[in-house]
Amino acid sequence: MYYGEQTSNAIPNLTGKVVVVPIGSLEQHGHHLPLLTDSLIGGEIVRRAEAELGDLAVFLPMLWAGASDHHLGLPGAVSVSNDHYTHLLMDIVESLIKHGFRRILLLNSHGGNGGPGGNALYQVQLKHAAERDLFLVLGSWFSLAAPQIAQIEALEQKAVTHACELETSMILSTRPELVRLADARGAHFHYDSAFWTPDSSGPSRVQVVRMFHQYTRTGALGYPEKATAEKGEALYTVATREVVALIREMAGWQPVEPN
Amino acid sequence: MYYGEQTSNAIPNLTGKVVVVPIGSLEQHGHHLPLLTDSLIGGEIVRRAEAELGDLAVFLPMLWAGASDHHLGLPGAVSVSNDHYTHLLMDIVESLIKHGFRRILLLNSHGGNGGPGGNALYQVQLKHAAERDLFLVLGSWFSLAAPQIAQIEALEQKAVTHACELETSMILSTRPELVRLADARGAHFHYDSAFWTPDSSGPSRVQVVRMFHQYTRTGALGYPEKATAEKGEALYTVATREVVALIREMAGWQPVEPN
Amino acid sequence: MYYGEQTSNAIPNLTGKVVVVPIGSLEQHGHHLPLLTDSLIGGEIVRRAEAELGDLAVFLPMLWAGASDHHLGLPGAVSVSNDHYTHLLMDIVESLIKHGFRRILLLNSHGGNGGPGGNALYQVQLKHAAERDLFLVLGSWFSLAAPQIAQIEALEQKAVTHACELETSMILSTRPELVRLADARGAHFHYDSAFWTPDSSGPSRVQVVRMFHQYTRTGALGYPEKATAEKGEALYTVATREVVALIREMAGWQPVEPN
Amino acid sequence: MYYGEQTSNAIPNLTGKVVVVPIGSLEQHGHHLPLLTDSLIGGEIVRRAEAELGDLAVFLPMLWAGASDHHLGLPGAVSVSNDHYTHLLMDIVESLIKHGFRRILLLNSHGGNGGPGGNALYQVQLKHAAERDLFLVLGSWFSLAAPQIAQIEALEQKAVTHACELETSMILSTRPELVRLADARGAHFHYDSAFWTPDSSGPSRVQVVRMFHQYTRTGALGYPEKATAEKGEALYTVATREVVALIREMAGWQPVEPN
Amino acid sequence: MYYGEQTSNAIPNLTGKVVVVPIGSLEQHGHHLPLLTDSLIGGEIVRRAEAELGDLAVFLPMLWAGASDHHLGLPGAVSVSNDHYTHLLMDIVESLIKHGFRRILLLNSHGGNGGPGGNALYQVQLKHAAERDLFLVLGSWFSLAAPQIAQIEALEQKAVTHACELETSMILSTRPELVRLADARGAHFHYDSAFWTPDSSGPSRVQVVRMFHQYTRTGALGYPEKATAEKGEALYTVATREVVALIREMAGWQPVEPN
Amino acid sequence: MYYGEQTSNAIPNLTGKVVVVPIGSLEQHGHHLPLLTDSLIGGEIVRRAEAELGDLAVFLPMLWAGASDHHLGLPGAVSVSNDHYTHLLMDIVESLIKHGFRRILLLNSHGGNGGPGGNALYQVQLKHAAERDLFLVLGSWFSLAAPQIAQIEALEQKAVTHACELETSMILSTRPELVRLADARGAHFHYDSAFWTPDSSGPSRVQVVRMFHQYTRTGALGYPEKATAEKGEALYTVATREVVALIREMAGWQPVEPN
């Protein structure tokens, strides 16, 4: 069910449910994907998950504003700085706590939101240190479904990066009219380091902070030209399944007993 | 046209247009209207205006997060504090300026956003004091169409307050399934003052700061039970007409020559 | 009576009264009026109101510091930024609440203080949401006496703008030695808009944020050369009458009962 | 001359002068002195210094708002917190620098303003590190005239504390109608420490942070009952003489040549 | 070489080197390890790395202050809040950039510093977006040596958690007199979740924000009683080797060419 | 005893003791002293005081980060801005108060820390206004031992300035290998002022804010070439004696009874 469709007096009866805050972004996604890509993907996952869960969870509207300052070197990003995004999310989560919600999920579809999202939940949690039944959770669909994504055979790239095979496939599957596949070109290169993979095609053991325009001319990474709508559908399927599973599980979480 | 559907490389060609940032809220609207009322109304006006304007303006997605702390005494508001909302809007507007936009309209559909919205534009303007071609505009549909609204004969109440005859009519017209008209009950009362009208049924010559739960038990004001879908349609018509007229006018604004 | 003349141990006996915080500014007022104009006008209204009210209200000293960043493009403004001014006023109001005052009036004589003044009271009110007997009021003399000003026949301009016929008349009436009427020249021009009147000679339906140097070379608006001391006296008379009426009314305000 | 009496177009011709920002406070001063004591004393010194200096310096109006949070435990203080006061003073000083002033004196008459005043000037100076001709000075009359005060034979107490013999004498000299000498009673006691003198009757080698209500029941320190108007006049005389000397000296200060 | 031992005039000749900022913490580490554990471990790694690297890198002193608010529910943590820690690190890194350093490594030994550390570098990087030769790196020894740690056969637990087998072994190896092994008892439990492992004994696919006292009575996790000095020495060996390798590699990093 | 060597469960038994937070800096000290000078001196005083006091006080590790923005015009300072340093110290002191400590000494060895240190304690104290047994103390060794230093006959300069005879002597006494005495050259000059002594060789009656590079080419003041290890030892002796005396005294301080 959708939070925004409820009336004020209905809210006190819903506070036992998991409440979901979908957060996305509006930022460059190469020359071939729409700026709203992350929010569109997140929105589609929410649509599917809500349909499966019915009254078991309450979904807020997609917050399209995200923390994308590292994309501001290329055209298009409408970005909230990390500190302001943290404060925005804190206010949202504190509002929900004030009304009585105890199981709150930030359902994220943009990598850059992870830092401020975690920081926001951390600071809210500190203010409620004595409330053992409060569960504040940050879940990014691409992380919580990462093992399942890695097992999709059709994919050449096994993890989400940016404007890549995977994101392109997902928009192709639901909003194909917005994709200019002919213009898709992602950056990929070898960098001789044992610790750092600048194009995100592999793991990094240290964090090297850089902006997107310092890596890629189009703004995309990887091999978006290999995208297909079928791969996109497969991704939505596993992402939705894991999100639904998480929410069902969260609905039953009990406080940990310290030992 | 919609900003979020464009690709990054299309943006530099659009910066001469008026760019519109629709801002709404998610907050209590009595026992009979959905929490998302303001954003739904704003979204419908955007939908109509975009259809009329075509490529003449670029619309960002509706930002449902609004400054509604004065509604937190009743259930439902997911609110951003005034200062954090100011920062959020500043970041959004600065992002657009960075990409080259010069005619920026915050199209507002929630009263509480007026203060932080004006403050945000003010602070951004100060940083760009030397740029005479920059137009930062805050327009609330209920203010910019106020004279036209006052002339709609069918309306008993001639100005928008909260969860009132007018807002209820508008949701009835487009999302009737979300209205529980039987539960509609607005606060109205006489307060013996020459300077202040607490229920907003008339003008105030001073600003008296109060929260909604200090006035009204349901959260609504006025006579929502008098709402009809026809009144709603009439309101959308004049609101859209004025918003379209404003945007067309803004597209041609030239810098004032000091004299 | 004046707050600053009381001793510490007298304060607990005064907290039932209306306490008034006069706020002004120090900023350019054209080539013909002193920088302190707004504070001088506010101070004269306070002097007259205090004389009428005697022990019925307690007046703080005039706070000459105001929020005038939009005047910084011309010489003279000593301005506090909006956010800092909000914090300053919050601290002042919280101090008064801490000592027990419940009826607090920010008596404003500078347009730019309205935004941060309202924001300050709003944020303080949120912290005292449970105290139904607390009245936080922002009253600008030019707004609370606007209907009465509009009825002064001698005036050509029926509302206060900046360094205009009205303000010039008021300084002429009380501090004529500070007025260089020969240098008075105000900006006025026609701007072809249905929504916006840049020289404030008429209403605006949207807020367009601009700085003063972007409109006017001298810093003045309207027709200050039409000022006379008699008009000034008439303005002080109606302004003082309305301020006194407001304070007397506030002294009797009772909490609204939500319905 | 007074800054507030100048017109905007006069300011560019005054920027070579020393500009003085008098800062005071509004806070408890025992049961016998008015809350505005510090601002009244500072204002009288300004009045005398301006009369002597004529066009050699430009004086802003007295800023009565001060940093007095340590007095909030007793009735009356209208205080600005340290951080907000720092920001307020920074905005004031930056405004003056923007208009061209290079020799700026914060002329202080309240002890609690010293910390935030110094911090404000420090932070402004850092932003102007390359401007060698900028002189930002914090001078408290009771410090800059301390050696001269110590030589006034009539005084029993040789340095200013709070609502003490000295401050009481000064108000007795200029505003005797505001002094309730019969109610004067100051705290004084022996505390057995080699490092700390809680009642400020002697030096401290460490800073022990405490609030006034933790020391004194009336809010006063020392022996205010020994005050006389003659002592007050003597204090004004030496304070004014030193302030005038400082300003004259500042008018001729040249940048230090690093060696 | 050590930064703190250099004189001011030596610094300009060192700016081509990698500069290392070791950051630790001071917080509860169970009943058996000293509060300074993370800083002691980090300090020992620095000591060994500096000895190997000689003049190839410049090490600042260990900053013992860390972001440990999640430990404040148990005795001992002296913690800096996330936002303040971010600002502290930003100031440190900006100071180094100002002096000319271009290759800056935050060498971290406390898990809670990761969020604010990454945020600090991100915000500094944004301010220097045009400087392609600037490398801002956050490396936690337990992450950058994670693959090597996992291969130490003697260890039962293959990754660092808190006050666990690994940390206990490291303190046993260098400061055995500070370990009360008899009091070592770590929390470990099964929590039935596919997404979350509260005791950090396995991976989590979502971030669930909790404080330490909500999990563990002593403050320790895992099986500290299995610690030995030999395991500690093995850990120091691999950690130092990887830190040294990273610094050597960083010394040669070239800017990525966007493609 | 050292705080960092204690285990978490030991802390509740130590909260009756004086807890000491040593704060230093890392900044230019001329061409002849190491950047870490202030922290080295403070650390040596701590080492000696701890040895004398044993279990009577608990010492945190030296915090080398200090507020040195006024040194940033010369190479080397790693500085925290005043506001951020205030917040850092507030978090540290609040952590200690949370764990139960009531007698807290910031033991300072860097002049620039005085302002933010005092501000931090002030703001913490305000939050604990009702706790009469809380003692928050800022003690700089060069101030609390100033009378004793002035009596050391061998010294030519009788008070500490910067990288001067005294500081140089102290580093010579304990870390002679870090001193390049041949490069020692301090700025000293006559400035014709009755109120201000730029080179700190005498008192100032006003505060003139300037950065170090505006006074001195090397960064040093005074006559460092007159330093000897013997003078350094004498300084450590008196500094330690006074610090020990202060801590012993603080251990017995009782709340002041207001009178």
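Going by the order they are written in, the chains are A, B, C, D, E and F; count residues from 1 in each one.
FYI, a residue touches a chain if its C-beta (ideal position, glycine included) is under 8 Å from a C-beta of that chain, and two chains touch if they have at least 3 such contacts.
The model shown is predicted, which means the values in this text are computed figures rather than measured ones.
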To reach subunit C from subunit A by way of touching chains, what is the minimum number of steps?
2
Copy-to-copy rotation (subunit B on subunit E, CA atoms, range 0 to 180, rounded to a multiple of 5 degrees) logged as 120
What is the distance, in whole Å, between the centres of subunit C and subunit D, each centre taken as the mean of its C-alpha atoms?
28
Take the average of all CA coordinates in subunit C, do the same for subunit F, and state the distance between these two points in whole angstrom.
48
Could you check subunit E for residues that touch two or more other chains and list them?
72, 81
Work through the pairs of chains, note which ones touch, and then classify the graph as line, ring, star, complete or other.
ring
Reading round the ring, first subunit D, next subunit F, what is the order of all the chains?
D, F, E, A, B, C
Footprint of subunit F on subunit D - complex, ascending
69-70, 72-73, 81-83, 86, 115-116, 118-119, 121-126, 129, 132, 135-139, 143-147, 187-189, 191, 193-195, 198, 205-211, 213-217, 242, 245-246, 249, 253, 255-259
Residue set of subunit C touching subunit D in the complex reads 3-9, 11-12, 26, 28-36, 39-40, 60-61, 63-65, 72, 74-81, 84, 87-88, 91-92, 95-96, 98-99, 178, 180, 183, 218-219
